[in-house]
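I've put the structures underneath this note.
What follows is a pair of complexes built around subunit A, which joins subunit B in one and subunit C in the other.
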Partner chain A sequence: MVRKTYSTIGRTTRRKDGVSKVTGREIFASDVVLPQMLHARVLRSPYPHARVVSIATAEAEAMGAVCLTPSDCPAWLYNERQVSIPEKTYRDRTVLPETARHVGEGIAAVAAKTEALAEQALGQLAVTYEPLPSVFDPWEAMAPEAPRLYKDIFLGDVVLPIERNIACFREMREGEVEQGFRESDVVVEQEFRTGRVYHHQMETKGVVCRPEPDGGISVWPTAQSIHNVRQLLGRIFNIPLSKINVHRIPIGGSFGSSIQMNTCIAICAALALKAGRPVRLVLTREEDLYDHCKYPSLIRLKFGVKKDGAIVAGEMTTVVDIGAHNIQAYPLLGCMAGWFVSLYRMPHMHFQGTAVYTNKAPACAMQGYGNPQVSFAVESLIDVIAERLNMDPIDVRLKNYVGLGETFWGQGPTVRSVIRSCGVEEMLQKGKDLIGWESRNRPEARSGRFRRGIGVGRSFHTSGTGAPMSGEVIDYSTALVKFNEDGSVDCLTPLMCHGGGTLEALTKIVSEETGVPLSKVEISPADTRSTGYDVCTHATRGVYCGGASARRAAQQARGILLQFASRILEVNPEALKIRPDEDLGQGVIYLEGAKGKSITVGEVAKTAQIKSWGTAIAVVSHRQVNCPPCFVTNFIEVEVDTETGRIRPVRAVAAVDAGTVINPDLAAGQLEGGLCRGIGLALLEDTDYDPRSGALTCGGNITDCKIFTALEMPLTEDVATFFAETEEPSGPFGAKGVGEAANNCTAGAVANAVANALGLRFTDAPMLPEKVLARWTDYLREKRGA
Partner chain B sequence: MTTYPVRFLLNGTPVEVDVAAQDTLLETLRNKLWATEVKNGCGKGDCGCCAVLLDGRAVNSCLTLAVQANGKEVVTVKGLGNEDDPHPLQESFIRKGAIQCGFCTAGMIVSAKSLLDENPRPSPDEIREAVSGNLCRCTGYKKIIEAISDAAPKCSPSD
Partner chain C sequence: MTQMEYAKPRSFKELDGIFESAKGPLRFIAGGTNVVPDLRAGTISPRLLVDLSGLKEMAYIREVKGEIAIGALSTISDILASRVICDKAPLLFQAARHLGSPLTRNRATIGGNLADASPAADTAPSLLAMGAMVHTRRRRGKERTIPLDRFFLGPNKTILAKDEIITRITFAKPKDPSRGRYLKLGLRNAMTISVASLAVSLEPEGSSFGGARIGLGAVAPTPVRAYLVEKKLASGAMDPKNIEACAQLITKEISPISDIRASADYRKRVVAVLFQRAIQAAVNGGTP
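Our next item is the complex of A and B:
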């Protein structure tokens, strides 16, 4: 297809926040300093499960510290994640709990003049605990005699009894799955596991809170949604929202770690309100490690196929160990079902998902929200099908993928939409050429210590959670665009940039729509008082949903500006156009073909001000009625050292179908970063617990909870990225998302590459060297024995 | 608590600050000298976000005691360049897309500067090695390594 050409969209430009980031001038939450500010520290449970009998604060208070214990905090149960509709929101926690349910759960807090003093005061708190029996394994947790984490919690406003530690259960069916398996020629089935990966965002969670004289509070948090932070604080502390102002502040990486209102925010707000002074609370790395992690998964997956490779039936059963709090397990299970049924057509399907409480750090969304886990299983099993039917794995994918014109589930059963743009085939074909698929051998052809193999994996993510009707998940965005009196443009949005360039993309969308050069379009600082609601910068929705609202606001403001211009130029406003003139640093309004009928945007805006006509300004709240899939494909070559078990990724091709790509360089960066995290999920990352103490075995040190460094990530010259040439009719200038999709297919591609190298399939990630070596040794022994 | 006066040059400006024996250079820079460009990603020597040049060599300021800086020269990323006159490394990081969230960036650039001072034309492998103490969760490192390679020929030790 022929791509439209734009003045800024799709062009690589110097990112606007670049200078402040490279010169160290960017201010993150942990850098905020306010006059009279106190520093907070949190006392954390050393027990995985214990009742807090008493906390003596006298000595800490004698040192001048302000102390916060459960009895100081509102008893209202909350859920830190605020995107499900209220009746689907599970509420099980308070600001500080009377029962600690995992090691590292905050049970008291202090604030003092310096961090050192706060640390000392923390040491003076005397706590009496009554240790309770604990459980760490989800299967054991579901046994009738297992220790119970909760008797009941709230679902919306209804008391929900919790039986056998099952936080929630979902089941979905379409067709007749048993009949589907009976009609199949081949049935394949395997169990897959992924680890409890830590987000590892480089900035630990933090917040600064300032109580205000009117009884309100101002907040500078690490957060992906300033509005949800405000709503929750208002509800917990019973403060009118008009008196709470949450500021957007750059975040040092998120990957989902701040998708909710982090618990440290509620603790810090309570301390600040009690102290009557600003308080800063920044988590240590150890505390952060105990705060959240990715949902680990155990997936049993079964496919029934015809001889020609057509999938007839699919069944997935999953058990998810959610840790000590149910942050968003209900939508997670819906999404996992959606990811499962939307990759490949299956006339008959059955999904069952169980989320189980255990005494571990709570799991929350992490890039992909269950999708990397599901795609790891699905993509692995697709290769098993190819193997069984002696087909090319790419052909099995091409035969079955859900594509153009078909309905897909998106994020669960209430988020269904029709696919209107699809680059699946293009990515498979082009990626195949780039990696040299034709030269890919069978494992039997390999010998020697180092064995290489090539694997493919594909996946997708939805761009947001929009749908024709409102469902279980809230999704809309609000943006304001205004023309300033010198011809520059302000865009105000509560969206966040996590680093991937979301706000950069918005400036381009607004520049393109208004005709004002990019150098004169800026994103305004945002807070909850000055912006309309935006659900959250999550779900790969920033550009597709947030960008769509900004484009609509720009359109409306432009309409007003052209009305003003038409009064000056004495022409019909509909005949006027605007083009950017970088040399002038202005948008130029002109009448096509009519010389002399032109004027700059600045002159019009200034005239409108002087003549008191008004400001060309518009605010739009908008919900997308679709959530188009951004498809991704990875081809990865690995080298396995059969003597050490170490797997080294040596080459990779990463592609995305993001519709019109707004920031090409930044989108490529997203693909590269996603690849790295996906390889981490496949080969390295997990958080292990000591079953006796319930503590993390890494002891809170990231040296013992590794992510790849530049050295171990030998993918530099050998990583290629490309974009499918598509255009999404419902997206702003044809754009869809990239974000989460970037890491969704990687683990599957790695597993398939390893299987191609060794003839041995690993279904439990991470594939650590010791595991690989042990399996390889057994495999060789069996082969010799046979 | 006993404190000691410590004097050093911070980005070319003489500073004097009272510190306790156990205070780290990181805490002192951030909390007493408002050098918030130096980031705390772990406080334990694991991530490199806190890297600064101490007499020209990159160190993790969280593992360096403030008293160890006495009489020395400390340079942070702010000391390498500013918006009007960016260091070639800073410029390359922007142009090559080597920044995403930017939290690792200050430490990464400082480590790269230390490398280029010792080895003005490093190979990609030498660059990887030099920044292997700097974790970045966002980028996958590819563009960072490219940015450092790109900046190398444009740098002189006096930059």
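Our next item is the complex of A and C:
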């Protein structure tokens, strides 16, 4: 396929926010300083489950601190995530709770002139707790006699009783799964686990809130969606949205950790409103580690296949330990079902998912939203099928993958769309050559201390959650584009960039559409009072959905500009084109083939202003009616040290089918970053709780909660990244997403590489050295015994 | 964090003055890379923090008459930048390279690393394997010299008195610097706390190991010497059989615990592996 050539799209350029970031001049939430500002600290429960009987604040107040206790807070229950429609939103928490449900849950807060004073005041709060029995294991939590975290919560506006700590349950069927298994020649089944990974975003969550004289509030939060923050604050504190201004401020990494309105925002807002002064609240790393984590997974997976490798039936049962709050377990289960059924065709399928409350830090979305977990299981089991049928693992994948023209339902049963671009085969073939698949040996052929193996893993993510019909998830974006009087362009959107270059991509899209050179297209500062709604930068939707709205706004503004130009040039506007002229630093409007009939964008915009014709400006609110899969493929070679159990990734190929790639270097960076976290999910990352105290065994310190660094990755020259040559008809200039996809297939590829190295399969991540060594020893013993 | 006082003496005389007037428990701080996290975690709560970083006379690295002396305030980065250490005591250089990250190494001092007495302290096994001495100073200039293997009493416990500071660490220049190896096993390649660490220093004589010294980290309540293994190594030949037997013995000489980083069993197994690898490398010699 021949790719279209673009002037800006697909070019590697210097990042617009690069200088401010590398020189330390970027302002993050924690850098916001306002006159009269107070500093807040939060008192956190040392108990995993306890009723807060009383909080004495007199001594702290005597020190000059403003204190906030549950009785100061609105009683309205909220869910910090606002992406689902209200009827599907589970509400179980208040600004400060009367019952703490995990160690580290905030139960009171103080604000004082300095952070040190606030810290001291915090020490003066006298709390009486009534400790309650707690439960940490999801299976134990479902037992009838288990301690209950909730009697009831709200689902939308309806009271929802909670039985056996089950937060929600979803079941889906297609075809007749039992019949499918009966018709299969081979049935494989295994149980898989992944860890309770901490997001490890570089910036801990923070916020600054300023109460306004009109009863409103201004907010500078760590957030992935400023509009959702505004809507929630409006609802919780009963303030008209027109008086709440939430500012977009750069975020120091997210991995999904700020998809929701972080709970510290509500606490800080309540403090600011009570104090009548601006308040700043920035979490420590320990607090952040107790705030959220990735959904851990426990998956039982079963496939039935024909002798030729065709999958007939698939069944997945999962129990998700969501921790103390139900932030988004319902859509998660729908997505897990979607990830499961959309990777490979299966005429008969059955999915059952149960989300269970326990007294741990609540789990929320993290890069892939259940997909790395599901793909780890699916891709592992596909290799097991290949092994059983004596087929090449790649052939099994090629035989069964869901591809062009087929329907898939990535983000749950209500989000179905047809695949119109697909680079699956290309990535498998090319990746196979790059890694040297043909030289891949069987494990029996290896000996010695170091064993190397090669594995493949596939996956995908949806580009957003758009679909023809509106379903359970909200998805649309709003953007404004305007031509300035010197020929430069402003693009205003509440869309967020998590560091991956989302807004950078928007400038390229707008530059391409308007014909104005990239150097003259900028993203305007955004806040909720001056922008239309955008659901959130999540679900790998930034470029595909946010970019599509910006492109449409640019198209409309361009149309207006060409109307103005047609008056000047006396040419029908439809006949006019615009091309960027880097030397002039201008877009040039011209009539093809006609000399003299040309004028710069700047001249037109200025003329339109002088003659009072108006500004070429357009606002567009747009929903994508598709959520095309961005497919990914990893090939990974690992080396297992059979004396220590350490697994070292030595070479990797990471490929994505992102449609037209807008920022090639940044997209490659996403692939490498996804690879790093995926290897971490497979080999290292987890958090664990001490069942006696309910505290994290790492104590909230990253000393014992590590992620891999560049030093544990294969050398840069041993990592190859590439992009499939596809174009997505529904995407802006053919683009799809990358972000989450980059991470989704890695753990599966690692597991398959380890199995290829040792002849021993690990189904429970992380594969820590100690576990590997113990199993390897047992395996050798059994082999010798047999 | 509770309220505390802070003092920064510029001389030993000023330090003595602080001792005289101090009320309540005091704590020294050098680079602060242990003290600050400990304060935040609330595991220590001194009334007075005595900052030693003003005692500039304690920051040096020099070689005098076959002895290498390192002032207690020398940072890990100073050690890595020192020609003396790089050329003459590469065993310590290797350990320093494994400690933390560049940021940490720029602040962390060798005195702090030893005084903190973590079983996993990275400089300890190498210093033990080189037979290092700890020189201290108490109030009014009372000095003493303590062999490093008698310095540690338990996790975060040393033989130091409340008013006693480490002034310098000394050891004899190794006879053959190329015969030292430090190996560290953690959950990643850098910026990691040891699951187990091991330093060997050999002084082979003909076909025997001669004087062999072995320091171990993270496999006992303190960093330790493996005396039984050293003896067995020296009494046997420099051959694979002896090494193998010593690897068996080393697992008996240690008393590791199970913690968040690894189980006692795993530590025993990998210490034997580290031992064999380090000995092999040290026998082969050359730059690591």
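The rule is simple: the second predicted complex is superposed on the first by the 784 of 786 C-alpha atoms of A that agree within 3 Å, B and C clash if a C-alpha of one lies under 4 Å from a C-alpha of the other, contacts with A are read in each partner's own complex, and residues count from 1 in each chain.
We adopt the following convention: a residue touches a chain if its C-beta (ideal position, glycine included) is under 8 Å from a C-beta of that chain, and two chains touch if they have at least 3 such contacts.
Everything quoted here is computed from the prediction, not taken from an experiment.
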Once chain A of both complexes is superposed, is A:242 in touch with subunit B (first), subunit C (second), both, or neither?
neither
Touch check for A:201: first (subunit B), second (subunit C), both, or neither?
first
For A:769, decide between first (touching subunit B), second (touching subunit C), both and neither.
second
Taking the superposition on A as described, I'd like to know which of subunit B and subunit C A:703 touches: first, second, both or neither.
both
Touch test for A:54: subunit B only (first), subunit C only (second), both, or neither?
neither
Going by the contact rule set out at the top, does A:711 touch subunit B (first), subunit C (second), both, or neither?
both
After superposition on the shared chain, which partner residues are touched by A:666: those of subunit B (first), subunit C (second), both, or neither?
first
What part of subunit A is shared between its subunit B contacts and its subunit C contacts?
701, 703, 708-709, 711-712
Where on subunit A is subunit B touching in the complex?
14-15, 17-28, 30-31, 33, 114-116, 199-204, 250-255, 282, 284-285, 498-501, 665-666, 668-669, 672-677, 701-703, 707-713, 715-717, 719
Okay, in this complex, where on subunit C does subunit A touch?
1-3, 37, 41, 185, 187-193, 195, 260-263, 266, 269-270, 273
Going by the contact rule at the top, pick out the subunit B residues touching subunit A in the complex.
20, 27, 30-31, 34, 36-44, 46-47, 49, 76-78, 81-83, 86, 89-91, 93-95, 97, 99-106, 109, 124, 127-129, 131-146
So in the complex, which bits of subunit A are touching subunit C?
119-120, 123, 643-646, 684, 688, 697-699, 701, 703-704, 706, 708-709, 711-712, 768-770, 773-774
